[in-house]
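In what follows, chain A forms one complex with chain B and a second complex with chain C.
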Partner chain A sequence: MRRLLARRMKFHLFGAFLVSLGCAAIYKFGVAEPRKRAYAEFYRNYDPMKDFEAMRRAGVFESAPPK
Partner chain B sequence: MLASRAFSLVGKRALSTSICLRAHGHAGVVKADDFSLPAYVDRRDVPLPEVAFVRDLSAQQKALKEKEKASWTALSADEKVELYRIKFNETYAEMKKGTNEWKTVLGGVLFFLGLTGLLLIWQKHFMYGPVPHTFSDEWLSAQTKRMLDMRINPVEGISSQWDFEKNEWKK
Partner chain C sequence: MANHSQLGFQDASSPIMEELVEFHDHALMVALTICSLVLYLLTLMLMEKLSSNTVDAQEVELIWTILPAIVLILLALPSLQILYMMDEIDEPDLTLKAIGHQWYWSYEYTDFKDLSFDSYMIPTTDLPLGHFRLLEVDHRVVIPMESPIRMIITADDVLHSWAVPTLGVKTDAIPGRLNQTSFTTTRPGIFYGQCSEICGANHSFMPIVVESTPLTYFENWSSLISS
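Then we have the complex of A and B:
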């Protein structure tokens, strides 16, 4: 029964620190890094004009009709 | 107006009671109600409550209390336990023991969720009208084709799942 609050507090402080650190790490390596990689991959060999012509051919533009 | 009248009546009544008691003199101490006296609590952070658990001791317990005033080595183990139980209601182990309440709570929650589900099924079947025509299969496929044509969400979203060369969904 000695140092009842101190023991509990130490345990919970430690745990809270680890849990929040873990959450941040999981988000970073589960969400943030894959997303950054996906964007890098997409824009590595991206040709905007080719994409535009494909969209124009599909007929989605009002101001740039398909030829 | 009425409320103030009623309040003054209550005040007068309380006033007269206490005046009566004070007038009697010998009954100067009002019998204290149980909730105004120090109380016994079973709490983990209150190791020594303000009063003992058992307030009115039986004759046997009174004799034991007298024996407690002598040397404690003379007490048997059972007597020591009896003295403990006079002073405390539950031991720390009993206090900290969990209950099975969580099962009741979980069961109740799931039961009412299920009931709500049944209610929703009934509503969909008997109450709601048909969904809008924009949910039909033809409309949805035309809608998806248009989204792909516009290259919606090409990096991580829907257009990234479509193979534009082969004109099919990516495996």
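Then we have the complex of A and C:
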């Protein structure tokens, strides 16, 4: 029982920081990094004119009606 | 526009919005860290694994002063970086005025042609099939894509706010004041927004629609509409 509280507190405080940093890492590598990669992938080979022509053919633009 | 039951941001269509999305991920990660720490400690205390009758705790007091200061710095630095980035107005290709009225927007393109028009919401009874309820307007704001645009925003009567989430723009329209904002669309498309400051009975019924097209189509449109 000697120094039980100190031992337990040290263990659990260390555990608490590990849990919180683990949550941060899960969010960063599970959500944030995939989102950054998704944006980079989208714009890597993005052709705005091709995208525009597809939308124009679908008739969504007022200023650019389909031929 | 947002899908039903959408919780997160709309996909970014401007560089500033991309930065804001990234910053939001960073801020949410910090918030998750703190919340999980607090939840863990709370659970321990409820399970009576942590208790103390300490009267002197200089070391832990130091830790829980320094650590939050570091967290605040980690949040403040990217936040200020984006704040100053949003204020950079670097030689815009076009200046456009948006004026809020009860309950419609009017737009003025006075750079090279004397072009102005009102933009009213299309009522649901007149809405063509496949169009978005309470979001479509009779005259859209057409802008050239991938060009820096400067918006001057004001109001004619009461407070309004010109907001387009996907472009990362929300600027108050205040009577007697000109507010300035700028954006660049990274891709062509139709971007929707709604008035974001309570302005009366039809506050929810004065949407904003921005149409981003290649420069040639923008020029054709501006010639047609001004004639």
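Assume the second predicted complex is superposed on the first by the 66 of 67 C-alpha atoms of A that agree within 3 Å, B and C clash if a C-alpha of one lies under 4 Å from a C-alpha of the other, contacts with A are read in each partner's own complex, and residues count from 1 in each chain.
Going forward, contacts are C-beta pairs under 8 Å (C-beta built on N, C-alpha and C of every residue); 3 or more make two chains touch, one makes a residue touch a chain.
Computed from a predicted structure; not experimentally measured.
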Joint occupancy of chain A by chain B and chain C, clash or fit: fit
Which superposed partner A:35 touches (first chain B, second chain C, both, neither): both
Chain A: partner with more touched residues, chain B or chain C: C
First, second, both or neither for A:58, with chain B first and chain C second: first
Touched partner set for A:15, first chain B, second chain C, both or neither: second
Touched partner set for A:4, first chain B, second chain C, both or neither: first
Superposition-derived angle with apex at the Cα centre of chain A and sides reaching chain B and chain C, degrees in steps of 10: 100
Where chain B and chain C come nearest after superposition, their Cα distance in Å: 5
Contact residues of chain A, present in both the chain B and the chain C interface: 5, 35, 39, 51, 55, 60
Contact set on chain B toward chain A in their complex: 44-45, 47, 92, 146, 149-151, 154-156, 160, 164
Contact footprint of chain B on chain A as seen in their complex: 1, 4-5, 35, 38-39, 42, 51, 54-55, 58-60
Residues of chain C defined as touching chain A within the complex: 12, 18, 21-22, 25-26, 28-30, 32-34, 36-37, 40-41, 44, 49-52, 140, 142, 145-146, 186-190, 211, 213-214, 217-218, 220-221
Chain C contact footprint on chain A (complex, rising order): 5, 8-9, 12, 15-17, 19-21, 23-24, 27-28, 31-32, 35-36, 39, 43, 46, 48-49, 51-52, 55, 60-64
